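Structures are listed in the sections that come next.
Shared between the two complexes below is chain A, which pairs with chain B and chain C, respectively.
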Partner chain A sequence: MVPFKLIWRNLLRHKLRVLLTAGSLTVAFFLLCVLQALVVSLDQGVKNASKKRLVVQSAVSLFVNLPASYQGKIETIEGVEESMKMTWFGGYYREPANMFAQFAIDADRMERIYSSVELVEGSWEEFKSSRMSCLVGKETAKKYGWSVGDRVPIVGMIYPRLDGSEWQFDIAGIYDASQEASIDDLTMYFHWEYLDEAMEAGAAGGADGIGVYSVLLSDGYSQAGVGALIDGLFENGPQRVQSTPEGEFNAQFVSMVGNVPFFVGTIGMGVLIAILLATLNTMLMSGREQTRDVGVLKALGFDGSAAFWLLLTQSLLLCGVGAGTGILLALGVEGPLQALLGSNFPGLRISSDVLAPAVLLAVAVALFAGLAPALRARRLTVIEALREEA
Partner chain B sequence: MALVPLSYNLRSLRVRKSSTLLTIISVGATVAIFAGVLSLQQGFETLFSDSGREDVSVFLRPGAVSEGESGIPPAKCEIIKKSLPEVKVVDGMPLASAESFLAVRRRKLDGGETNVPIRGVEQMTFTIREGEVTLTEGRAFAPGSDEVIVGEKLVGRIQGCEMGETIWLNTVPFKVVGVFSHDGPFASEIWCDIRRMSDALERPWYSRVVAVLNSEADFEALKERMSEHKEIPAKVMDEKTYYEEQTRALSGVLRGLGSFLAVIMGMAAAFTATNTMLAALSSRSHEIGILLSVGFRPTAIFLSFLFEAVLLGLAGGLVGVLVAFLINGAETGTTNFRTFTEIAFAFRVTPLVLSQAVFFSLLLGLLGGAWPAWRASRMKPIEALRRT
Partner chain C sequence: MQESQHGVELRGVSRIYTRGGEGVKVFDDVDLSVNAGAFCALMGPSGSGKSTLLNLVGGLDRPDSGDVVVGDTFLSDLSESALAEWRSENVGFVFQGFNLVPVLTAFENVELPLLLTGLSKAERKEHAMHALELVDMGDRAKHRPGQLSGGQEQRVAIARAIASDPGVILADEPTGDLDFESACQVLDLMGRLHTELGKTILMVTHDPRAAERAERVIHLDKGRISESSEGTESADDGFREVKPREGEGA
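And now, the complex of A and B:
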């Protein structure tokens, strides 16, 4: 084995070139990490969804509501532990640009159905006690500077108040749903009765009924089995329903964006090809320049494998430093990235699902780029190597 | 000032084949990605903006940003259609039509589900859309019947959209009796009779009214008047603006993504080009010495090296554009996030995409060549000649 110092010196022989190649690797791996993080973020709501919950929605359209009377009927089915109404409210805070998700729900049931949602401020009791109460995700609360006790005005686009005024909600709790894959920290939940009463009284417009029912299964019952029973119950109308496992329900929103894994895969492939060839180019140049050094080493009695490792280690070092910096950079911008894209990609993180493939790729690039010059160095005879012009 | 002959650059690129080729492909991959994202954005945007008509006005519920969330009672639709003096009248009939819109859940043929727009229309719609919407197969649905016609982009992609097949709306079967084409988003829709749609889905309201205006009608005044109308308040915009509003967000995202990728990948590509040119420089210092001693000015050397880098960049750009052409016309789908419906559209390598891609590759060459060219021009003849 040749001394490490020799390898290092050889690598730094052309400082600018090594710096530029490492720089390319840095930006490429930074990009790959960010892209991969986006895909992982989209996937997690699907992968980590509960196996114990079903979503019952209209079989016709996501935009058709189900009758409120369905809830009682659904709960007669064996295997259904409990259900919760969920209606998309579609409102914004002050400006249309401040759109975020709000749902009208059964306030007294959420705590049991989404049991891993934690309140970091306020309490479930406060939330349940008043019709105008709401829960707000911690990210949204942070964004608008809200805290428990605040009264917030929300403009309803789907359920407009007929006198043109805003809806008023009292914040009774701020939640953290990091343990709950199907809920992000950006949403507002409020009493369905509040919405219903306003519509009954003729104070608000909008479609009657319930958007979807979230159904919690009893232990030992399967999503498919109970789902088929629920679907069968309403086969003859008035509104046919479709029960989907929670993961599938989440997946339909992901696939709406288009084929994200495909697009990201294609872009990643392009980045990879570009960086692969750039690194190969650098290593081939280095290999050619070090031909005489290899000759000298071999003349001194080092064997072919020493020459092989001399070059391969340089490639590994180059990729390690370059890609490593890129990966660290990605970790460094995790915070700003969440702030920028968090509302579209909840739970965006440079997690191990991002880091592991990145490290593997870095090693692969190093091997690909280093192997050709390293093999050549092993093969060269002393005479050939020394004869080569520098 | 005498310039170094261009053939010198061409020959030296050829001498160092492998390095040249690797750089070209590396730059090419970068340009291809850049052009790909741009042509995606172009395809999406032209689908909407080219089909929007300025003489067609769209009436929505006040506050609604798309027909997906808009709702107007049928009685009010009638008033809008018949009472407005701005609406063009042909043969005693106002060129105005109510439309009902809903995103319905459909299975895709290649698996999974998607939201397909179904549009309930009146007979007048076909008069308004004459020349825009054309039947390519079968016939139009009979008024009042449980029949539909489907946009050609749905055929072969969505279940139940072949001629003669049945599409269920809740508990009512509708038969597919025709296929129609349209250069815009309608080609991804299912059309049927507006009243039958309302009955089948138990939706007692319509989504919007579209009307052709007289050429002398004052659009701004109409817009103003309708926004404060006591009986029939409505948000009015011309169709072109309506479509622009629908696409703005996604178009912006794609443009942002394109620029982000261009900057990041461009950096890597420019570094690669610099490396290649630096290698060229060190292996040719002898030649540079000769050029200087036979009387070429440093500026000529600088330009010569810069030109070689630009040539590398342009060659890479050419490769990238060729790759981008492979996807030209390829169909893909995305969602109109205002209505949550899927729209099919094609990548479009437009002249704009081409010129931006070529400009980008030129820039990469210049960036990559600047430093090595400067170094070359600063060499002293004696030193350069002495180096082997």
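And now, the complex of A and C:
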């Protein structure tokens, strides 16, 4: 094998050129990591969704509510373990700009249906014990400086209080849903009964009924099988329903974000191709400049594989340092990135789903750029190499 | 360092380059025999095949027919990688253009061929410094080629050629790019490699004064070999066709 200092010094033979190429690699891989993190964030709600849950909605539209009486009927079906009401509340805190998601739910059932949601403050008991109690995601709690025991006013846009006042909620718990793909850390959950009673009493307006039912399956039952049974049960009305595996249900929202994954993918591909060509160019130039060295090494008795690795290692080093710096940089800005984009891209992280493809890609770029000059170096005869003008 | 055991023999060697469908015969059934420890100058007009001959002897090129034998090794028997290994042990090259590796220091250049031996780091250092001192470049060990004059570079190249103590030194116009004084130093060195170290030396040169240092001058022209055995005191006569002779060679 050729000595490492020969590899290293040849790589640094043209410092500016190598610096610029490594810099481009850094920028490109930083961007690729961030873009990939965005896509992963959008994807994970779909991919990691529970295979044990179905979402039952109106067959007409997500914006049409189902009768509350359906819950009991759904639970008679074999394979349904339990279900939970979920109604979109659509409110904001003090000002319309402070919009975040709130759901009216079955407070006594959530703990079992979303069992991987963890309370970092407060307790399920406290949440269940009072009508006005709510759970708040840790990001939203952090954003508004809320903690357990606080009473927070929320203006209901879909369910306005008829006297014009705000709804009042008592925070009984702050949750962390990082283990639960279908729930972000931004949402508020409160007692459906609280909403229902206010409407019954004529204190609040809005549409009757339930937005969707989240259905937990018993062990050994499939989403498709139980979903078909539920859909069949209501086939003849009064209102038809559509049962969707939770992952597919989440995917609707991803596609509602428009073509983000497509755009991000296209930009990423463009960045990748540009950096591929830039690195290839650098390595081809390096390879040409080292033709004479290769000739000398071979005349001295170094074999083709030594010449091959002389060039390929330079490409691996160049990409390792350049791309590595970009990847580290992306890891470094993970925190600020979450602060900046976290509300649109829940769970935004430079995770192994981002790092693994980035590292593979860096190796691929190194091989792509290094293979041509390395193979040429391996093939080159001493006579050809030394005849070439340096 | 050991006296060379390496005679060089070409037996019925042909080398034909095909260029544009047309064959250019550089050598056609050529025989040549060089004793172990001999210092031969190779002369001849440009294109007469001097470099080709060195390349054949050094195992950088293969004949189209015939055998190249160095010591008791038939080079045609060796695979490409075996040939590379053989080269590292038996042949030192000195080129017209010096061909030092520019990013390595003089010392590191000389150490390069030693990396292919089983020597320890300390032994390599000892051998490389010894070779550098032999060419009087010991004090420039840490200089890069770009910081040396042409003559100094060529001396480092000679140190590199002898570092692993090969039996055969092949030099292709080693003084071609040098001024008079540097050329003299390099030729002195070549002479010492012959007299003091007993290397078998084949040296291509256009310079009759350089050829004078050799004990034997081989002339190449139009694919034929002829020679004058005592320097070049006469440019026109004293040549004779080389016939394969028994007894000469390894």
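Following the convention adopted for this analysis, the second predicted complex is superposed on the first by the 385 of 390 C-alpha atoms of A that agree within 3 Å, B and C clash if a C-alpha of one lies under 4 Å from a C-alpha of the other, contacts with A are read in each partner's own complex, and residues count from 1 in each chain.
Here is the rule we go by: contacts are C-beta pairs under 8 Å (C-beta built on N, C-alpha and C of every residue); 3 or more make two chains touch, one makes a residue touch a chain.
Values in this document were obtained by computation on a predicted structure and should not be read as measured data.
Participant: Tell me the contact category for A:60 with respect to chain B and chain C: first, second, both or neither.
Facilitator: first
Participant: Going by the contact rule set out at the top, does A:9 touch chain B (first), chain C (second), both, or neither?
Facilitator: The answer is second: A:9 touches chain C but not chain B.
Participant: Per the overlay, which chain contacts more chain A residues, chain B or chain C?
Facilitator: Comparing touch counts on chain A for chain B and chain C gives B.
Participant: Which of the two partners, first being chain B and second being chain C, lies in contact with A:386: first, second, both, or neither?
Facilitator: So A:386 only meets chain C here.
Participant: With the two complexes superposed on chain A, say which partner A:69 touches: chain B (first), chain C (second), both, or neither.
Facilitator: After superposition on chain A, A:69 lies in contact with neither partner.
Participant: Could you say whether A:285 touches chain B, chain C, both of them, or neither, answering first, second, both or neither?
Facilitator: The first partner, chain B, only.
Participant: A:158 in the overlay: touching chain B, chain C, both, or neither? Say first, second, both or neither.
Facilitator: Touch status of A:158: first partner only.
Participant: Is A:302 touching the first partner chain B, the second partner chain C, both, or neither of them?
Facilitator: In the superposed model, A:302 contacts chain C only, not chain B.
Participant: Go through the superposed model and pick first if A:242 touches only chain B, second if only chain C, both, or neither.
Facilitator: Only chain B; A:242 stays clear of chain C.
Participant: Could you pull out which chain B residues touch chain A in their complex?
Facilitator: So the residues of chain B touching chain A come out as 18-19, 22-23, 25-27, 29-30, 32-33, 36-37, 63-65, 68-69, 71, 102-105, 112-115, 169-171, 201-203, 261, 264-265, 267-269, 271-272, 274-276, 278-279, 332-335, 337, 340, 342, 388.
Participant: Could you pull out which chain A residues touch chain C in their complex?
Facilitator: Answer in residue numbers: 2-3, 5-6, 9-10, 13, 292-293, 295-304, 381-383, 386.
Participant: What does chain C use to touch chain A in their complex?
Facilitator: 55, 58, 60-61, 80-81, 84-89, 93, 95, 97, 99-104, 108, 112-113, 115-116, 160
Participant: Please name which positions on chain A make contact with chain B in the complex.
Facilitator: So the residues of chain A touching chain B come out as 14, 16-17, 20-21, 23-25, 27-28, 30-31, 58-64, 90, 96, 157-158, 160, 207, 236-240, 242, 252, 255-259, 266-267, 270-271, 273-275, 277-278, 280-282, 284-285, 389-390.
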